[in-house]
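Two complexes come next, and they have one chain in common, chain A, joined by chain B in the first and chain C in the second.
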Partner chain A sequence: MGDHLARAEDFENKAEKKLSGWGLFGSKFEDAADLFDKSANSYKLAKSWDKAGSTYIKLANCNLKLESKHEAAQAYVDAAHCYKKTNINESVSCLDNAVNIFCEIGRLSMAARYLKEIAELYESEQNIEQAVVYYEKSADFYENEEVNTSANQCKQKVAQFSAQLEQYQRSIEIYEDIARQSLSNNLLKYGVKGHLLNAGICQLCKDDVIAITNALERYQDLDPTFSGTREYRLLADIAAAIDEEDVGKFTEVIKEFDSMTPLDSWKTTLLLRVKEKLKAKELEEDDLT
Partner chain B sequence: MAASDPNKLMAKADKQTRLSLTRWSADWKSATVLYEQAANGFRVAKDYENAKIAYEKASKGQEMLSSPWDAAKHMESAAALAKDLRHWQEVVDFYRRASELYMECGRPQPASDALAKGARALEDSMSEEAIQLYTDACTILEDDGREQMAFDLYRAATNVYIKLEKYTDAASFMLRLGLAADKCNATNSQCKAYLNAIVIYLYAHDFIQAEKCYNDCSQIDAFLRSDQNRCASKLLAAYRDGDVEEIKRIAQSSVISHLDHVIVKLARKLPTGDVSALKAEDEEEALDENDLT
Partner chain C sequence: MFGSKKSPLKVAKPSSVESWTNPFDSNDEGMDTKKYSSSRKTSSERALTTLGVNTNPFDDGTDANKKSSSTLYGFQSANWNKYKNDFRDSGGLENQSVQELESYAVYKAEETTNSVTNCLKIAENIREEATQTLVTLHQQGEQITRSHHVAADIDHDLTRGEKLLGSLGGLFSKTWKPKKTRAITGPVIVGDDPVRRKGNHLEQREKLGLTSAPKGQSKLRSPPQEPTNAFEKVEVEKNKQDDALSDLSDLLGELKGMAVDMGSEIERHNKALNHLYDDVDELNFRVIGANQRGRRLLGK
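On to the complex of A and B.
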């Protein structure tokens, strides 16, 4: 380990010396870039992540001087991957730089990929608001490049987090849009009921029985097979339970569905919100009597 | 920043393609690079109108440099921007041009894909044109012996025809899918296509054509032994008997549910006309046969 560290420092010092010396036609930047690359690799082997990251940034600067923008962007990405282990903010900053360069050179699909990576970093830090911003940007870029599968993955993340942030209408629109797109694809059409279930659960969270009923009619019109699914049954039964303000029935319906298709944590969280509202209503009724 | 100002890049590129006293031939190589950079700059700045123009010029440049593949790529980019700007006629023209350029470099698959992208973009705004693009996209793949790659295009075209209520054309396209599926032994798709066609005819209340279609398709061994055949047979029998309840029951069956969602929608609305009239006609024919006078 110490051996790698010593080599890394040696390469870095040589690179710095190259930069401060004289060079012909930018050759000093080429030589320095080569040495910074070796240095960064050695730092990585020594698991000295911060130093590796800062060295990759120096490499990126050399590549920018050489007008090698693609290599510069890649160096920023490498720096970000090193910082990811120790300093999330630095990692995000490096990825942001990489994205800007990829945009400049027209590699929008690469930019989209790293915007998604930034979003994932924010997600891992529980910074949901920022994650949503970057997932949206990524989806936008992927859509421009007509990479619809990746765009939809990012949109689903936006929908998921928007619902967590109680922006239900936004979630509903995304899930319905993805369902609509999936219908015309023979491979994706079997996932439509899942998207419509997610949209339906968001409708339930809005606490408007008429809106739920209208939505279910709309979903039937969108996908005629939906009315025969357990997902439709679940939504319809929950809507009925809410209408009747019957917490017992609500719980029973969900328990029955969960016994066959376990609900994930996202659905459980939202359905708990619905249940809390329903309980509150029931208590209000009791207070009035 | 000045160096990468897309407007300046465009102006510089235009200069290099114009002939003057000092420039006797256009420098397309340098100009094309500049057009590409400008297009990119405009696109990132969300100035789609100028980005589209720059991509068009970049495409022209790549053509002049005998690089039809890159020219086609730029044309597709211009088309995508025209779509965002809702310039529908340009969408048609650009995707068609991209397709021609792909064909120029002997790449039928991307040529077909380009037309299909155009068709998808135009489904709502210029449905007739969308159908034409889908048809041409299918033809390219058929000519290249890649029918299997065209299945989704046949379905998409059928959906547009149904939206336009051109049911006979929709059914014809489904039969065309059946033929393509037959060529590449895709039995399941073939049988579904035939059942789709029969459902479409029934929805259009053309029982005679539906029955004729069923009889023709039953000449094919694969269809004769399929679940789709049994379903079609029951459906037509229910029509002959004027049994509305049975028609509705069959329309809810799993065989129908596994068809394309647009067709399922039609099936769930069956019967669309008066089926008792069909039964009356049937009885009259039976009487005629036994009439000895």
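On to the complex of A and C.
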């Protein structure tokens, strides 16, 4: 380990010397870049992630001087991957730089990929608002490049987090849009009822029985097979329970569905919100009587 | 958890387990489900069970810690054990009273219902996984097409490079023509793409009235009234089994459709990959030729 560290520092010093000296036709930047690359690799072997990251940034700067933009962007990505282990903010900053360069040279699919990576970093840090922003950007880029599956994955993340942030209408629009797209594809049509269920749960959170009923009718028009599914029945029965302000029925309906298809944590969270509202209504009714 | 109202599905289990750990479990699965679930419990779940903690987020939690000694129809848990052994300990089936045999029939009916329900759960799980697999396959198809587009772009760039290499030789050098064995075709959609073509086939059949939408599970339809005698109880169980089997049939039909779609998509991928391989092979051949030309020029 110490051996790797010593070699890394040696390479870095040589590179710095090269940069401060004279070079013919920019060859000093080429030589320095080569040395910085070796130095960064040695730092990685020594598990000195911060130093490896900062060395990759120096490498990126050399590549920018040489007008090798693709290599510069890749160096920023390598720096980000090193910083990921120690400093998330630095990692995000490096990925942002990489994305900007990829956009400049027209590599939009690469830019989309790293925007998604930034979003994942924010998600791991529980910074949901920023995660949503970057997932949205990533989805946009993927759509421009017609990488629809990846775009939809990012959109689903946006919808999921938007619902958690109580931006239900936004979630509904995304899920309905994905369902609409999926219907015209033989491979994706089987997932439609899942998307419509998610949209329906978001509708329930809005606490508007008429809107829920209208949405269910719309979903039936969208996919005629939906009305025969357990997902449709779950939504319809919950809507009825909300309309009747019957917490018992609400619980029974959900338990019955969950006994067959266990609800994931996202659905559970949203349905608990619905139940809380329903209980509050019930208590209000009791107070009035 | 959310107040004092009693949860509607709080039905006692045949064993004396103090609470359940499935957040939404309907808790009316009789003895047999224990065979399936107990072995799968994690240590934390066991701990929760022994502590008598109710982990259901949708439950109101007033009744969670009551010990239960009777089942859905009021049979003793000791009786269930007797039925499990098929009366081996008490002289076999022939030596039982009519009442005992009726109770045994109810037990067997419930056991069958649980088995069918478990089959349905498994089929649902398979469907979830299959749906994910189809999405992944779709993504893979997109990636193959994109890779092929990139190969076609490389072909254009390489053609320009070959022209430059051809004109680099100088005045007296022999003109160089790149060797090409075949043209680069780029991505080919094999046949008429079934994925796009058949997308709304089901919807069209629906509108024609050829296929009825699978009827939803009718577990929640209101039963006529509480069954009183063993015969009625068995009938109720039979109805439950019919519903579950009907749902299972629909699910298996859907799974068949999924399997067919997976098969045809993988076939498409294989053909697309064959085309891609041919194009990449041709590109490789031309890159080798261009490198040789470059080396020759540098050697002069």
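In this text, the second predicted complex is superposed on the first by the 289 of 289 C-alpha atoms of A that agree within 3 Å, B and C clash if a C-alpha of one lies under 4 Å from a C-alpha of the other, contacts with A are read in each partner's own complex, and residues count from 1 in each chain.
In the analysis below, contacts are C-beta pairs under 8 Å (C-beta built on N, C-alpha and C of every residue); 3 or more make two chains touch, one makes a residue touch a chain.
Note that the coordinates shown come from a computational prediction; the quantities given were computed from them, not determined experimentally.
Of the two partner chains placed by superposition, A:Glu166 touches none, neither chain B nor chain C. When both complexes are overlaid on chain A, the residue A:Asp3 reaches neither chain B nor chain C. Contacts of A:Pro224 after superposition on the shared chain: both chain B and chain C are touched.
When the two complexes are overlaid on their common chain A, residue A:Lys275 makes contact with chain C while staying clear of chain B. Of the two partner chains placed by superposition, A:Asp243 touches none, neither chain B nor chain C. Touch criterion not met for A:Asp208: it reaches neither chain B nor chain C. Taking chain B and chain C in turn and counting the residues of chain A each one touches, the greater count comes from C.
Legend: residue contacts after superposition of the two complexes on their common chain; A:Leu183 is shown touching both chain B and chain C. With both structures placed on the common chain, the touch criterion links A:Phe257 to chain C but leaves chain B unconnected. In the superposed pair of complexes, A:Cys103 makes contact with chain B only, with no contact to chain C. On chain A, the surface patch touched by chain B in one complex and by chain C in the other comprises residues 183-186, 189, 223-225, 228. Every residue of chain A that touches chain C in the complex is listed here, in rising order: 109, 147-150, 183-191, 194, 223-230, 232-233, 237, 247-263, 268, 271-272, 275-276, 279. Those residues of chain A that touch chain B in the shared complex are 103-106, 108, 144, 146, 183-186, 189, 221, 223-225, 228. Only residues 2-3, 5-9, 22-27, 56-60, 117, 120-121, 124, 127-128, 130-131, 134-135, 137-139, 141-142, 146, 194-196, 198-200, 202-203, 206-207, 212-217, 219-220, 250, 254, 258, 261, 265 of chain C touch chain A when the two sit together in their complex. The residues of chain B lying in touch with chain A in their complex are 4, 36-37, 39-41, 43-44, 80, 117, 152, 155-156, 159, 252, 257, 261, 264-265, 267-268.
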